[in-house]
Amino acid sequence: MTVTPAAVEEEEEEAVAPKKRLSFKYPFEETEMAIILGVIAAIVVIFTGLPAVIKGIGLVCAILWGNDSVRKTSKYGLGTGVPSIGVLGTGYGFIGALMGLAVIEYGAIPRLGIYPAALIGAIVMGVIGLVSGYFGNDEKYIAMKIPHLIRAMGELGIAGTLAVLLQFSIITGTLEFGEVVTWVFETGVAAFIFIFTAMGMFHPYNACLGPDEQRERTRMVSIEISGLICIILGAAMFVLGRGLGAWDGISLIIFGLIVWAYFYVKFIRACMNECYATVGTGMITTLD
Amino acid sequence: MLVIAFLAFIACTFEDIESDIGSQSNPNSQVQLAAQVGQVHRFFNKAISGEPLSNAMYCAVAGTIAWMFLLKLEPLVPDAPWKAAVVAIPLGVAGAALIHMIFATTAHCGRTAAQKRFSQPIYLDVFYGHLLPIATHGFMTTFCITSIAYIQSNVGTLSGNPALNHPFALPLLGFIWGITVGSIGSSTGDVHYGTEREFQDRPFGEGKRVVYHGKITRYAECGIRTQKDIASFCAKFGGPCTGMTFGLIILFENWRTLVGMMLGGFLPNLTMGGDMAAIGGIVVGLLIVAAFVVGNVIFVRWVRAKCGPFVGV
Amino acid sequence: MDPIIAIFIVVYVVIGGLLASLGAHLLPVGGAPAAMGTATGIATGTVQIMLGAALTGLFTAANVATFTDSLWLVALSGAVGATIMICVVMFMANILYAFGCGVLPISGRVDVDPVTKESQKEYKTPQTDGHGVPNVVFVSGTMGGFFGGFGGALMYWTLLNYSKFTPGTAAIAALSIFVANAILAAYNIRGTIEGFHDPKFKRLPKALIASLAVSLLAGIVVVLATIGLGGL
């Protein structure tokens, strides 16, 4: 017994989805969303004394921005696969975070936990991303000839750096290098941050790859992965005893659980409604 | 050290079978292509990413959760730290298995929904019926890798000499071995799945031509083929071969380090001859590499003599 | 602050990045077609096999770095570790191809194997691009693994001993710079490459220039990080 793909359900789904986002027009949506998300994430990075839930929201924004940038570039066919761009974004993120942590004491107000110099790392990484994009796209060099590759790689650099810096500040509570090394790199949580940030950036597009890929569905997966990161980072905070107290870690776990559950259910339901058919079981069409 | 090699063998065997049950990475491109050339199928299209990265993710997550439990549990049993490990490692791996299932579901649903115009439906029995096998095989792989990482990062404390501990932490070691296991399983085991089992109604003994791409074997020994049929086939040859690859690599790595240490007089008391130990390890390693190059030349010559030039169209 | 050490850090990072790029070009990558017996080489992606080799090398190098301080020994151990891994993988892939699927190791890009002078053309399946790992590809892969492992271990040693990072930090930082270079090389290769006999190999200088630029900037970042964190 098949479930007929009712046209009504599809229209409902598409009418609901734009309401979830602000109602921009499609071609401009990407740039405007990038600016909004970038500004939110950048502001949250500076204030490291905030409760973890707000940093979690900043993390969702940064990973969403990175994912959108990956999606824009990969649409044109890279030849080497989507995961490489995600890993590239995270690699850039770590180098940029290192840069940001190095200049952290300029303009810092440690008592209030404000470290504006971390953004210098993001800007430097954006420059490096632009340089590598230039070499990648230009005729005399690697000549990938993908439109907007330069801008996308610059965006990846900044988004990656912001995401990694936010995760550092969630676990450690501050952005001082000694503390970060002890609690993040030496304990091995850095490996977890590396792979999950990379996954958050490339898995949504890789999982929804196909001719009928829709931007709304892809973004839902990205937010859902950020929820997963928040759950495990919250558990790590709780175990390590960092943050503003025990409730800080637990609140991040609950926040992550809610975000993940809501968007996961929404995504699966959207997929089952928007695909060709969802059948309990059935035969396949035989070709000769 | 032999325990590590044995665990490595099991780990990679299960990694390969798991990637066959879930149809990941390179042969999955054929499963994706099949719908696009009109061949609707009942395969589980799990396209998380390449295997190295996804295995790295499961092992890093398992390592992190296990490490968190170890931090909390080890102070409770200070004289027998292995008791804490026996509890912590399975819990960590269970968490990683849950995350594995989450990613598998998003990947399958997302990809099938994006193939709407090729009339590829989501078969719910394929969807539900494969989740548990994927999780189980993934559990075995991640369990072995996490155990290896635990032993390696604590080999000093376990044998009473803390200086022998590996300087990396447990999740980082899990990450490294996850990537290695994934890249090995992807380059060796997937060949068996891709070349042989996916195109089983094509002639044996030739590379699969470009015109065959997408036209995979959709009917099985009895009924329509799903991943469960594939796993039982590939477990006979592809799985153990892949396991042997990783086991050999770990064996050679640890063995030559140990031989180097013993040659340099480093092992019983760790204070002298650090340089000689390293040189010994390098020389043994170069000998192994030379042996493999010569072995490949002989093997290629033997296979060419046995099979002969290409016959047929 | 010692400017000589700062210059050394930048130089070593640049050399490590260039070697990573070179290693990625030498490694035989067949991609998805190789898993179906349609192309020669290892049946996985460039980035992924490169990361696997470099990380095995890094693991061995970290082990050796705990008891020795010499640059050459640590880097060579890393290189040999990576080479062993690639050799075993290619050899077992050949065994799987031969016994599991009945295909021979044949190159699709040249008519005569440059290393052993065996002819390739009449053994190749028509309408494919070669299959398996023939001898010249095996040698090319060995060299690729050697250079890649050397570059990765070199960067790790520099970060550990000159910048005074801790092992965990040095490992992840070296990995990030390695990743950036390897992916730029993967873009240059655009999917599949057979080794140094492949015509695509002539595109190597362009990737090296891009790699040079990115590694130079990354090296400057590392120097700034070292100064800022009180390492020098």
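So that you can tell them apart, the chains are marked A, B and C in the order they are listed, and the count of residues begins at 1 in each.
The rule is simple: a residue touches a chain if its C-beta (ideal position, glycine included) is under 8 Å from a C-beta of that chain, and two chains touch if they have at least 3 such contacts.
Predicted, not measured: the structure shown is a model, and the values here were computed from it.
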Moving step by step through touching chains, the smallest count that connects chain A to chain C is 1
If chain centres are mean C-alpha positions, then the most distant from chain C is chain A
Between chain A and chain B, the Cα-mean centres are separated in Å by 27
The distance between the C-alpha centres of chain B and chain C, rounded to whole Å, is 20
Flagged in chain A as touching 2+ other chains are 81, 83, 87, 186-188, 190-191, 194
For chain C, residue numbers touching 2 or more other chains are 45, 47-48, 51, 168, 172
Residues of chain B that touch two or more other chains sit at 50, 53, 168-169, 172-173
Chain B residues touching chain C in their complex are 25-27, 29-30, 50-53, 163, 166-169, 172-173, 176, 179-180, 182-184, 186-196, 198-199, 204-213, 237-238, 241-242, 244-245, 248-249, 252-253, 257, 266, 270, 274-275, 277-279, 281-282, 285-286, 288-289, 292-293, 295-297, 299-301, 303-304, 307, 309-310, 313
In the complex, the residues of chain C that touch chain A are 45-48, 51, 165-166, 168-169, 172-173, 175-177, 179-180, 183-184, 186-191, 206-207, 209-210, 213-214, 217-218, 221-222, 224-229
Seen from chain A, its contact residues with chain C in the complex are 78-81, 83-85, 87-88, 90-92, 94-95, 98-99, 101-105, 124, 127-128, 131-132, 135-136, 140-144, 177, 181, 185-188, 190-191, 194
Listed in rising order, chain A residues that touch chain B in their complex are 2, 81-83, 86-87, 186-192, 194-196, 198-199, 202-204, 206-214, 217-218, 221, 224, 228, 232, 235-236, 239-240, 264, 267-268, 270-272, 274-285, 287
In the complex, chain B touches chain A at residues 32, 38-42, 47-50, 53, 56-57, 60-61, 63-65, 67-68, 71-72, 99, 102-103, 105-107, 109-125, 168-175, 218, 224
